[in-house]
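The structure under discussion is supplied below as structure tokens; questions concerning it will follow.
To keep things simple, chains are lettered A, B, C and D as they appear, and every chain counts its residues starting from 1.
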């Protein structure tokens, strides 16, 4: 039976080592862990913050559906996805995916897949807040994100 | 100019959050970090420990050459590889690769590449120590590791 | 017997769709004859200047029926909450 | 003038190659006529029972010349440290 995935949507920062420890605690069958952390860039210094709007309820459900797909497709021993919302400053974490498996290939592929699908299916929208206090534009979706998701 | 890679061969455990913080400290141009941790499995409970023999000097040099290849091939903003040697117990960390970049694709590919090449080129050899104190066999190289490295 | 009138549906908006419509959500009794998501988007465009602006480029509007992504050809019958938003940019 | 005798070379062994040879390293004056890594492995096999055992399956033995991987066709001239080991299993 595949493990249950941990899915959380939260405004507060997350703790990568604590989340990793939660997956590995009390077991010695995990051979590889891939942790992806997505961070807020300052875009060459012009960004004050990113505002992340989300669709409460659907965000958890949709990430949960993506996680179920990953758990069915790869022999994972642990899977965690956490996505923040609200105002996030440059250098801060936005998203975390951790995949654990007996052998590294499944962990790499599942984490990569999770991120491609989070990008294109999880209901989150980024807006730039520029240095000086003006609200900048909503970030536009990138065709290469769709192309990345289409690989799977 | 690509960043310098951090390469270390050591017997003591490594600290993933500290190594990650070292890559991100004081900068806000990193958008994605992929951290791979390889752990010692207990192989269904029969393993007491793994003994990792290495070729001092060549191990650092060879991982350094693999890292230079990765830095030349992907637009990385940080790259770390740490490999332990000596006696390692089930559940303990063996190897760490962290790749940081502006966009996630480069970080995923570089970390994946580093692990495939570490597996097949870094001069380390694993031997099993079995529960009960007997020395087990040297671990045999797996054809799928060569196949994985040949992808690049 | 006459058919019961359709119950009102909750329409929900996000990101620049929300800003252009000017509200985060509304409860609406949909007119008869709207079968698909595409029909619903076409009707939205007819509801005034703000809606015409929000749904100007119908092809890029994403829709979720009861919190599940739905293509423009999907039937809307039975959905109680219908969300409209731009392509996602999280992660 | 006669040619200087070749300086001794350090031979280094790891994992089960080390165990079979029975030592981690040795300093050896190589005989004349060994051009390639393959020649050197063939000579190693001739050095006694332990060596014959260690180098039994020549094709799987990996070699490093001065801490760089070298194919069996590589020339050994100039190398000061030559290492022999099984396929790597780290990571």
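What we mean here is this: contacts are C-beta pairs under 8 Å (C-beta built on N, C-alpha and C of every residue); 3 or more make two chains touch, one makes a residue touch a chain.
Note that the structure is a prediction, hence the values are computed from the model and not measured.
Put simply, the chain farthest from subunit A by mean CA position is D. Chain centres here are Cα averages; for subunit A and subunit C they lie 27 Å apart.
Between the Cα centres of subunit A and subunit D there is a gap of 49 Å. Distance from the subunit A centre to the subunit B centre is 23 Å, each centre being the mean of its Cα atoms. Along subunit D, no residue makes contact with two or more other chains. Touching of two or more other chains is recorded for residues 38, 104, 115 of subunit B. Working note: touching chain pairs come out as A-B, A-C, B-D. Taken together, the subunit A residues at the contact with subunit C in this complex read 38, 52-55, 57-58, 61-62, 83, 94-95, 115, 118-127, 138-141, 145.
Residue ranges of subunit C in contact with subunit A, taken from their complex: 12, 14-16, 64, 67-69, 83, 85-91.
Across the interface of their complex, subunit A is touched by residues 16-17, 20, 24, 27-42, 44, 90-91, 102, 104-105, 107-108, 111-112, 115, 148 of subunit B.
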